[in-house]
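Below: one structure in structure tokens.
The first chain written gets the first letter, and so on, giving A, B, C, D and E; residue counts start at 1 in each chain.
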Amino acid sequence: MDVFLEKNRGVLLAYDQGLEHGPTDFNERNFDPAFIMRLAVEGKFNSIIFQKGLAEKYYDGRVPLIIKVNGKTNLVKGEPIARQNCSVKHAAKLGAKAVGYTIYPGSAHENVMLEEFGRIQEEAHALNIAAIAWIYPRGEATKNDTAPEVIAYAARVGLEAGADAVKIKYSGTVDAFKWAVKCAGKAKVFMSGGPKAETDADFLRQVRGAIDAGASGLAVGRNVWQSADPLKMARALRALVIEDRSVEEALRA
Amino acid sequence: MDVFLEKNRGVLLAYDQGLEHGPTDFNERNFDPAFIMRLAVEGKFNSIIFQKGLAEKYYDGRVPLIIKVNGKTNLVKGEPIARQNCSVKHAAKLGAKAVGYTIYPGSAHENVMLEEFGRIQEEAHALNIAAIAWIYPRGEATKNDTAPEVIAYAARVGLEAGADAVKIKYSGTVDAFKWAVKCAGKAKVFMSGGPKAETDADFLRQVRGAIDAGASGLAVGRNVWQSADPLKMARALRALVIEDRSVEEALRA
Amino acid sequence: MDVFLEKNRGVLLAYDQGLEHGPTDFNERNFDPAFIMRLAVEGKFNSIIFQKGLAEKYYDGRVPLIIKVNGKTNLVKGEPIARQNCSVKHAAKLGAKAVGYTIYPGSAHENVMLEEFGRIQEEAHALNIAAIAWIYPRGEATKNDTAPEVIAYAARVGLEAGADAVKIKYSGTVDAFKWAVKCAGKAKVFMSGGPKAETDADFLRQVRGAIDAGASGLAVGRNVWQSADPLKMARALRALVIEDRSVEEALRA
Amino acid sequence: MDVFLEKNRGVLLAYDQGLEHGPTDFNERNFDPAFIMRLAVEGKFNSIIFQKGLAEKYYDGRVPLIIKVNGKTNLVKGEPIARQNCSVKHAAKLGAKAVGYTIYPGSAHENVMLEEFGRIQEEAHALNIAAIAWIYPRGEATKNDTAPEVIAYAARVGLEAGADAVKIKYSGTVDAFKWAVKCAGKAKVFMSGGPKAETDADFLRQVRGAIDAGASGLAVGRNVWQSADPLKMARALRALVIEDRSVEEALRA
Amino acid sequence: MDVFLEKNRGVLLAYDQGLEHGPTDFNERNFDPAFIMRLAVEGKFNSIIFQKGLAEKYYDGRVPLIIKVNGKTNLVKGEPIARQNCSVKHAAKLGAKAVGYTIYPGSAHENVMLEEFGRIQEEAHALNIAAIAWIYPRGEATKNDTAPEVIAYAARVGLEAGADAVKIKYSGTVDAFKWAVKCAGKAKVFMSGGPKAETDADFLRQVRGAIDAGASGLAVGRNVWQSADPLKMARALRALVIEDRSVEEALRA
């Protein structure tokens, strides 16, 4: 994971929304993976997260690469499941320093994803790349997927499953997230950026909370590339996460 | 994909309808794959698209070959799924320059097809042949499968999944399709010909729209081989797509 | 397929009913595979069709062998599915010149069988044996499984899937079946004998119709071995199919 | 199968009830596999049938071994299915001369078991050990699982599937079972002992019926080891099955 | 199994609750696998039980390791299933002397787990490590999962499946558990610690009952690390289990 960290922190630029949510997330600029690739470089992100299709056609090697090796559209209803769509070997050949994989604990198909991640993690480590788990509790029994106990559980699932790092949603308060970070143990925690917040300050306060709680950073997409000034947001996030500044300082970065 | 292109455009002759729709699509002439093979040559199509059974028995090498490696009948109801029925190795041995594979995003079985295409794409590229994704959103949650946002999503799924090209339906207007083409990024876009249009002009106007929107061409079956004069339609399509003529010029070609 | 043909026609003796329908199809003589094996020889059939269990214990090499490599009982209800129960390699070792496989288009499990047949066909051809598809449209959406368009669709599925020959039910008239034969293209067509007809003449008229429509022959079981005089029926079928005689001539053969 | 036969007959001691029915079948003596192993030797049984767990810990080599390679508990409801839980290679290494496998024709999962048995049979024969099929029609459509036509069908399924021997329930009369034996052809038939009969004579009459009908013997568990005097019952069964004695003579053996 | 035993008894420290139940089981101290690792050493436990994620990051080799190779969250409803998430080879590489696997007999997915455990057991033994089965009857038909006959059945399933040891719940009385131990035969029996008991004495009385019934020991988690004085409880358990002391003596240990 060191390749993704500066001062033991990292700001990862996520761009798998094209598959997960569809182009309704995009505008006339950010639909373009080349724009995002440049943004990753110019914004000094610690990693760029692509599905293999984007990595093959747009990745230029100037930022460490994470390949998301599963994914689903949001057109499907019912208990969520996403299966491996890129071999670990192929990801490594494309230059990935980590593979990312989403597990939906609570889904009726949880067992398929836990099994698949287990195999992927071993293959990744055999090739000296990291295995990062996106962990989103779902399914009929998950009433509130950002409840403190749900997020702490998500973090723990990642640790137990052998993830080098987990990507989880923010659970609302520093204390709540601190518990999640503790439960993740030696697995690093990255906050999931989530949908565009109302204001930059709103978003940065969440990130500040996550960092204060002990997170190693965040994986952020929409709150950067849907921003009116993505590079400004990138600077703010670096200031806050890497340089450990306050929200106010970060906003002025 | 270059083998399928002239002046960076291509008109591909699709003929997998025998499996997908059954012989109700056929008349006394076009039921015969040998007729279609000749038509591909005489109509100067940039590719012919066959299931392996047709390729094995009728393909004569005079036009670049795409083998469709999955397919389903229209006798099945419920959430659509089509599984691989031809190995990539076998397709290559038959002379295919690309394999085609249908993904139905939104189907409850979407994950199976995304996984299978992921593997097929890697195998194809290892053998130096292209991987083309037919992408048709379906399933309970897809109310309108040619809505602009649905087609743009389809295009994007193909890009993210690593397709060299996507085959998608026309979304009704140049502007709508332009968005789909943008979302497909560096994956080439081929408009799906669809059912026989009322008049040749109607169909050509759609094709013109797709080309104006940035498509690389189209994959067309019924609108050619159900035509009273298939070679005339072939000439029209070449004029419009390859030579970039207007609908009126194309109709006179 | 040549090994199964005389004058480009073939009469294949089918005997997989023990698995498909159970012994209610049998009488005190025809329950015995040894009786059927002798009948195949004495009746000069062009092939005998066995499940592997019968081939292992009763096949004596005097008639070309087809091994059915999937099958199901009629005790199961619901959407039909039959999976491979004999490897192609094993079939070849037992002396089979072809493997037979049933596909039920329209079944919710159609995709499993299309995939499996696809693999089996490649394996069979690699071992220089033929792949024959039994194609029986089924499932909730198939109201009439001998309707002309359904049988023509069945024939086409076999061609597209890469079958060397298809075994399909008779669709009632010469014209209807002619369409099916056309749709099967270069895949040979064998009429499925089906349940015992009321009279020999009734059955032979169907066979005559199939041959007149262009079929290469038939695969027949119950109408031979449930007959009071199986060898007489065998002579009649050879006269009609191989020697191209009329129903009346055949009945006197 | 010769290793399991004396004078072409065999009495096999079945002891897989611990998995299939649970310890409610056991008393203070017969719960112990070591007791059963001794009983197999002292009772001169022609084979002992164990799941691999018992074979590994209790089998001493003094009686030919059959390993049951699938099984299920009776705690599960719904359409029955039992999957392979012991590799054929492992069974052979443990000294098994045959593997046993249960198929439930009529179950919605019939296809899985027919496929799995097909593979297991080929593996077993490659290692020179026999493949025995336990065949119990089940599922929603099987109203009476000992009806003569159901048992005859079961026998036939085994023959067609390539079993060296089938284990089936008694169908009530000599004539009914004779039909089953005929339908099993060259596959040997072993009657399934079933639950403890009211009296020894009742049970022996069933066995006599099966032998008179042409069975090669029986696989018996509860009627021996739930007996007050298991060795007496063993003697009776040997007298009846191997020495072809009457029920009365057997009871005095 | 000898590596886990002293005087033929063992007290195993279980810590897979983070995956199975989530962090609601944890407090500010026991959430930390490093705390548990130290506790295993200082408490002189005969083994520590981790999921692979914890073993990779926290195991220090000072106590024999068991890796749990399947697991599920309690967020999922419906018929339980847990699939293999760690290869046996990987477990061995991490230093495990045994792999643990949960089977839920009675679940609709029982067949998947019996099959998977069967394969895992063979792989483990090939690498000279033990295979331990956690056996918890579940599913619609299991009304009371600690009923004497249910626990005895669980024990037997493990023996038949080839487990070196089984981990089962206590069935309430010495006599009831004695029956389970008998049914487990040569497979060692470890009582499952279960949720925190009201008092230490309550819990120790259960353990004493299990030992008196013939169990080889217990696998205990919450009753130790949720205890106010975990080392005291560890001493008590060692006194009772290894030194065979009474509950009263143990409480004073």
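Rule of thumb we're sticking to: contacts are C-beta pairs under 8 Å (C-beta built on N, C-alpha and C of every residue); 3 or more make two chains touch, one makes a residue touch a chain.
In this text the structure is predicted, and so the values were computed from the model without any measurement.
Number of steps on the shortest path from chain A to chain C, with steps defined by chain touch: 2. The minimum number of touch steps linking chain C to chain D comes to 1. Put simply, chain A has to spin 70° for its C-alpha atoms to lie on chain E, with the angle rounded to a multiple of 5. Work out the mean CA point of chain C and of chain E, and you get 56 Å between them.
Contact with two or more other chains is made by no residue of chain C. Across the interface of their complex, chain C is touched by residues 105-108, 110-112, 114-115, 117-119, 122, 137, 139-142, 149, 152-153, 155-163, 179, 182-183, 185-187 of chain D. Put simply, chain C touches chain D in their complex at residues 16, 18-19, 22-24, 26, 31-33, 51-54, 56-58, 71-73, 75-78, 81-87, 90.
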